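Labels for the chains are A, B, C, D and E, by order of writing; each one numbers its residues from 1.
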Amino acid sequence: MAGAAASLSIGVQARGEPAYTPAATVEPFWVRALLIGAALAFLTLFLFIPLIAVFAEALKKGWDTYLLALVEPDAIAAIKLTLLTAAIAVPMNLVFGVAAAWCIAKFEFRGKNILLTLIDLPFSVSPVIAGLIYVLIFGAQGWLGPWLAEHDIKILFAVPGIVLATMFVTFPFVARELIPLMQSQGTEEEEAALVLGASGWRTFWHVTLPNIKWGLLYGVVLCNARAMGEFGAVSVVSGHIRGETNTMPLHVEILYNEYNFVAAFAIASLLALLALVTLAIKSFIEWRANEVNLQPDQE
Amino acid sequence: MSIEVKNIHKRFGNFIALDNVSLNFPQGELTALLGPSGCGKTTLLRIIAGLEQADSGHVFLDGEDASGQHVRERQVGFVFQHYALFKHMSVFENIAFGLRVKRRDVRPSESEIKKKVMSLLELVQLDWLADRYPPQLSGGQRQRIALARALAVEPRVLLLDEPFGALDAKVRKELRRWLRRLHDELHVTSIFVTHDQEEALEVADQIVVMNKGRVEQIGSPDEVYNHPASSFVYGFLGNVNLFHGRVHEGVLDSGGIAFDAPDHAQAQDANGIGFVRPHDIEVERYTADAEGIVARLRRSHAIGPLAQLELVRADNAQLIEAVISTERYQHLGLTEGETLIVRPKRLRVFVNESASQSA
Amino acid sequence: MSIEVKNIHKRFGNFIALDNVSLNFPQGELTALLGPSGCGKTTLLRIIAGLEQADSGHVFLDGEDASGQHVRERQVGFVFQHYALFKHMSVFENIAFGLRVKRRDVRPSESEIKKKVMSLLELVQLDWLADRYPPQLSGGQRQRIALARALAVEPRVLLLDEPFGALDAKVRKELRRWLRRLHDELHVTSIFVTHDQEEALEVADQIVVMNKGRVEQIGSPDEVYNHPASSFVYGFLGNVNLFHGRVHEGVLDSGGIAFDAPDHAQAQDANGIGFVRPHDIEVERYTADAEGIVARLRRSHAIGPLAQLELVRADNAQLIEAVISTERYQHLGLTEGETLIVRPKRLRVFVNESASQSA
Amino acid sequence: ADVSLLNVSYDPTRELYQDVNKEFAKQWKAKTGDNLSVKQSHGGSGKQARSVIDGLSADVVTLALAYDIDEIAERGLLAKDWQKRLPHNSSPYTSTIVFLVRKGNPKGIKDWNDLAKPGVSVITPNPKTSGGARWNYLAAWGFALKQPGGSEAAAKDFVTKIFKNVPVLDSGARGSTTTFVERGIGDVLIAWENEAILAIKELGPDKFEVVAPPVSILAEPPVAVVDKVVDKKGTRKLAEAYLQYLYTDEGQEIAAQNYYRPISDKVAKKYAAQFPKVKLFTIDEAFGGWSQAQKAHFADGGSFDQIYQPGKK
Amino acid sequence: MASAITPSDIKSASPGRTSSRVLPGFNLSLGFTLLYLALIVLIPLSAVFLKTFTMTWDAFWTAATSDRVLASYRLTFGASLIAAALNVVFGGIVAWVLVRYRFPGKKVIDALVDLPFALPTAVAGIALTSLYSANGWIGRYLEPFGIKVAFTPLGVLVALTFIGLPFVVRTVQPVLEEAERELEEAAASLGANRLQVFAHVIFPTILPALMTGFALAFARATGEYGSVIFIAGNMPMVSEITPLFIITKLEQYDYTGATAIAVVMLIVSFILLLTINLLQAWARTRGRAEKV
């Protein structure tokens, strides 16, 4: 999902109203109304109603049923697994994202564009294929399968496989958020710090990091949302063992298949809630970034 | 501390940014690096600071070869055109940064740091801004903070890359005078880059004029302005009128009028250009017998001490700019459209562009 | 065509950007709108163009009320500070744009358009750039193309909002002269906005000085420079030395030295400030019996026709800037550090800030 | 001690094995003192078999059809003659294929013939991915063969007609049930008997009814211990006991309670009322066994690929 | 992805310069980047290609171009194309409305546009299915008109439109935000009416972003699985998408068949990415030239 990053980089930029809306470049009222109407209708049909539906279904039988569905042991196990997966995949991609952004944004070297393309690659690979590749490598019939079996190392149908697939799918998020941000910031502040005698690490911690922290946080937040929500890739490598290798999205599917719709939507609503919290955090980050960075730069 | 660079070469890909540059920056002086955009000023400054690596050549700080030293160790103060203040740190923290990142054994105590920072803030006259953040400052204020930050670590030299380039004309003028005063107070060896000749002339003790990666001239403001070593320097350092013509045995013939060119006594019918600054042009009412160039006054305006005249030569319709004192202007009672006699008081002839170096 | 604005008011939220502005822009003249940042220059220009709506008041183009007209219909040429060229169109297409979007019945044929565009390109001396795209042009070239584009639709008036604001000092100077010449050729009623007083003084026929949404003064460059209507105008139009003191019956007493203030014969021990331009200050060697202010020459530099002197008053350590001709400077043989006598040749006293209007 | 077992099964057996596991664990605890937890994994039968092949360490597999376990055996995970190791072809319970229709049976569906009528909308999963769907398919095919003058060609024609009436092809049995029940699509759902009864119980006793066709197929979902896995994990004894348990009276009772037809006559009699009388034919007699059926009908280019080409005009 | 709008070439974007190797950590960061990239992305992806090398060309060709697979390509790429186009139109309008107009609830809408990024696809699939099926909240109003959405190719389109929505909005939005209002004013002062301003000034400005958004939405849509399988109906030859087909192949123990199709999809992804990057490079050169 290449686009995520797009939204990201935008995320931390000024998203204010235009300074003024002078008469000369404004459409007649009816055109405005028509366009706003079209936009709202489209969004209602494709965004709002589905979102409301999730919660409506989840609460169909009241709060008690809803809460009960969330504390059911298998649900808890799924939530735990999802959290664990995200807790591993996100920091890994975070470290990667920072390293990649550092070398790409702050240095010139040959092959940079190829590197950028390769970093984007997982965005456009079908999640199903993302799962398939791990089956081909770690499956009992795959390259490393026999060796792994011999050494009793479990990757596929176990947590490592799920984490790997998640890492693959969420691979570019942080990097893609940071690269444009760091590029636009240039290197002057780092150079200033070095001239003042700061070491490399100090420069990074005290100068670079504070400058990218909102972008970084935003990248992490979206990476996390996607890591917790991934279905296709994880479905292929999970094995669907109840209470063991089911992540939340998979658990949703299972509950759904057990005619347990309320519980399915309850878990789904948890994920939707996560998405909403993500968006709220994102909005907050944008707001903060505007507050902090985009104060009148010239007076 | 003195700075010396020797035989510096620097390329970017195929582009030669610095071509065998050797310079001396004397102890305690304020030197301007002046030249058109892209001539390599920034590159040279960055090489001195250690922010860039020269392809060959050496940088000596206080006589000691610094080429191998990391920027961290060179103890230079660097002021960037766009300030490069740390946006997330307060003014105070910005200035304190250089002190706080010192190795523990040489790091001053917090109270010393505080004293130092406050005294620097006083020096740049902005002590009331200590708690602000850079985005809350005006451009001029930011630049002064950037300077204070550079000074905090007691640099051996101060390097400023177009420090006022991002400011508007009025602030710029104010700040350059302020910089001069500051320098007079501190006497740190300083180099500052500019492409504004007025700025260089007004502020610097010494000016280095660069062009296309080479040094064209080095000298005091008076020297480079009044005795330019090349036609390039002449043209770059102020407005100038050009009289194209042929030089023969010490005389430039431009459109039938003869100008003395004593430098070129041995020239034999060579192409030559006479350079005259607008204020080196004498103007008087036309009289039939007066010697000089006949020109029509197209436009004039006299505001303040000087009057600007735009004249058109009667013979070849070339434009001549002249500057005379407003007193004289009023005394002459000139009106636009009238015909005048124009005479260069001082003219410098360069034969051929390529020969200009030897001229 | 003449332009008149009457009783224009404009607010943004609670902020009053224009406060009852009434102005007349005579046919065929080039008027500069001059004032500090934020004083409402751009707002006024945009209201005249129809890009912005005034809260109240009227705009008359050629005597005809245009307040209800859309910018499309006003036939004004507008030139923006950042050029606002269409990046995806070639220079040719940019200039042709205004012609091509005309209603079919009044649209010229392609060959006419071509002729017109080429003649405009010649006018701005850039006919060799027709096929380039804006990103491939220098700032000065872009601005000239923007002007040609505005001229293509044969506007009745030309409005320029800091047309040279984005250019660097040298190009800026060149271009403003070029603009003046162009205007002399075309004689389109033009208004241009600037906050650079030098630019206004050099180029305009008439200058409107604005401050805080109001008009401070309107007049020829000479009038506003030499006879400022208010202390604000005095200060804004050039460097100035201030002598604070008390005015009593036609005399300003500043630090024990008396200055004539004939405008304020009836003032009774009021606060007053004397304004003196640097070139209105006379300087001579110190002699015990000479009348005037005693000051030390802190710094001087004489490049070109004028010498700048930075003096420090002996009595109150205030800074005085003086400008004298280089000839006189050399004649006096001044050296930094010596003590001089300083005398304002011309001084204008304003009593109290609030009373300055009546002064 | 704590011991565990992984039972990889197909979709409709969730409820069955939940009950089995509970009871068996109780018994096992009583017998050995060990705390047993049986892990369950459910999905389409084919997908589950593939997971096992790819390394999902199932101690036992309890799938929809023998062919899937054959595939596992093919990869050497268990002996090829696995089906002989437990009684009754390793199928501790059987089932058949019936119809679920909307209350009152508005389309009057009684028999397979009714599914082929134009205007009847039929829901069944995709035989390529669903074991249940293959039973459905073969049931219809077998029915046609058994009709007077029945031939392969006639059967193909008949099944083609039925699939013309199929508007949605879910990937698993459960998906189809949801489509029929929740989405309200279709007039009739071809389903496992146990699925149909369960659906009525879980989703709407007053909305649906089961229609048993006079003739249908005897579905024998097989179970097996995965040798490779149990040997490695040392759980063979436990796994075998687990499967044996299915054949005990208790096991049979649980199966019957979950609407699987028990093989024990005793239990069968007890629950006879719950299962409609249907004449059942076996896959061996109608198709010559699973591998033959698979090859002829579901492999690429098989009969299903030939008849089901809705995109083609 | 942001790359569209954010030139990877620093020279054009940054106030400073980047040549300086004075900054530390280049080798470390690049080394780690390459290593991690190789381990997580490159080596695993190469497995797919290597697997197909075990097939003969004929086998590959048969597997990748059987009628059913071809039909799934048609559906996947066709629906993705239409969904991306829909998103270009409506996403463009949404972006425009969000940037240019003020109306109640705007902030909320702006935030919610990212929902499809963050919402798990399976949840989206289930929710959309229950809404658009004949007895769903929305479907029941379409049913009388004979419009069936769920379990038809139309359903696939709905799901793909849902997941692609943010791409166009989020690539166009910043471009519109940064578009100089002055350009429009210049055009208006030259006599252009609003429609002409749009056609000649605004549209060309946002065109590259629209195209990038389109390509991104399209790329994402072709690979989408989770949200589609619930709503598609998955009828072979009719509503079976390619990723599902890969899964189907797998479930028939046909690994090589699955990889063959995967390779086709990967190659399409590569080409798409390349297109996107070329688009960006193009936008970038325009951006860079501006600084001349």
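Descriptive notes on the structure:
Following the convention adopted for this analysis, a contact is a pair of C-beta atoms (placed from the backbone, for glycine too) under 8 Å apart; a residue touches a chain by one contact, two chains touch by 3 or more.
For clarity, every value in this text was computed on a predicted model and none was experimentally measured.
Chains making contact with chain A as well as with chain D: E. Fewest steps needed to get from chain B to chain E, stepping only to touching chains, is 1.
The chain with its CA mean position farthest from that of chain C is D.
The chain pair A-E and the chain pair D-E differ in C-beta contact count, and the higher one is A-E.
Averaged C-alpha coordinates put the centre of chain C at 91 Å from the centre of chain D. The mean-CA centres of chain D and chain E are about 40 angstrom from one another, to the nearest whole unit.
For the pair chain A and chain C, the distance between C-alpha centroids works out to 54 Å. Across the assembly, chain E contributes 15-16, 19-22, 130, 185, 188-189, 244, 247, 250 as residues in contact with two or more other chains. In chain C, the residues touching two or more other chains are 50-51, 70-71.
Residues of chain A in contact with at least two other chains: 22, 24, 135, 141-142, 188, 191, 194, 199, 256. On the chain E side of its complex with chain C, the touching residues are 180, 182-183, 185-193, 196, 200-201, 204-205, 286, 288-292.
Put simply, chain A touches chain B in their complex at residues 188-189, 191-199, 202, 206-207, 210-211, 292-299.
Those residues of chain D whose C-beta lies close enough to touch chain A in the complex are 6, 11, 14, 39-43, 51, 53-57, 75, 172, 174-175, 177-178, 181-182, 199, 202-203.
Against chain D, the residues of chain A that register as touching in their complex are 135, 138-142, 145, 148-149, 154, 156-157, 239-244, 254, 256-259, 261. By the touch criterion given at the top, residues 44, 46-47, 49-50, 53, 71, 126, 128-129, 166-171, 179, 182-185, 300, 305, 308-312 of chain D touch chain E in their complex.
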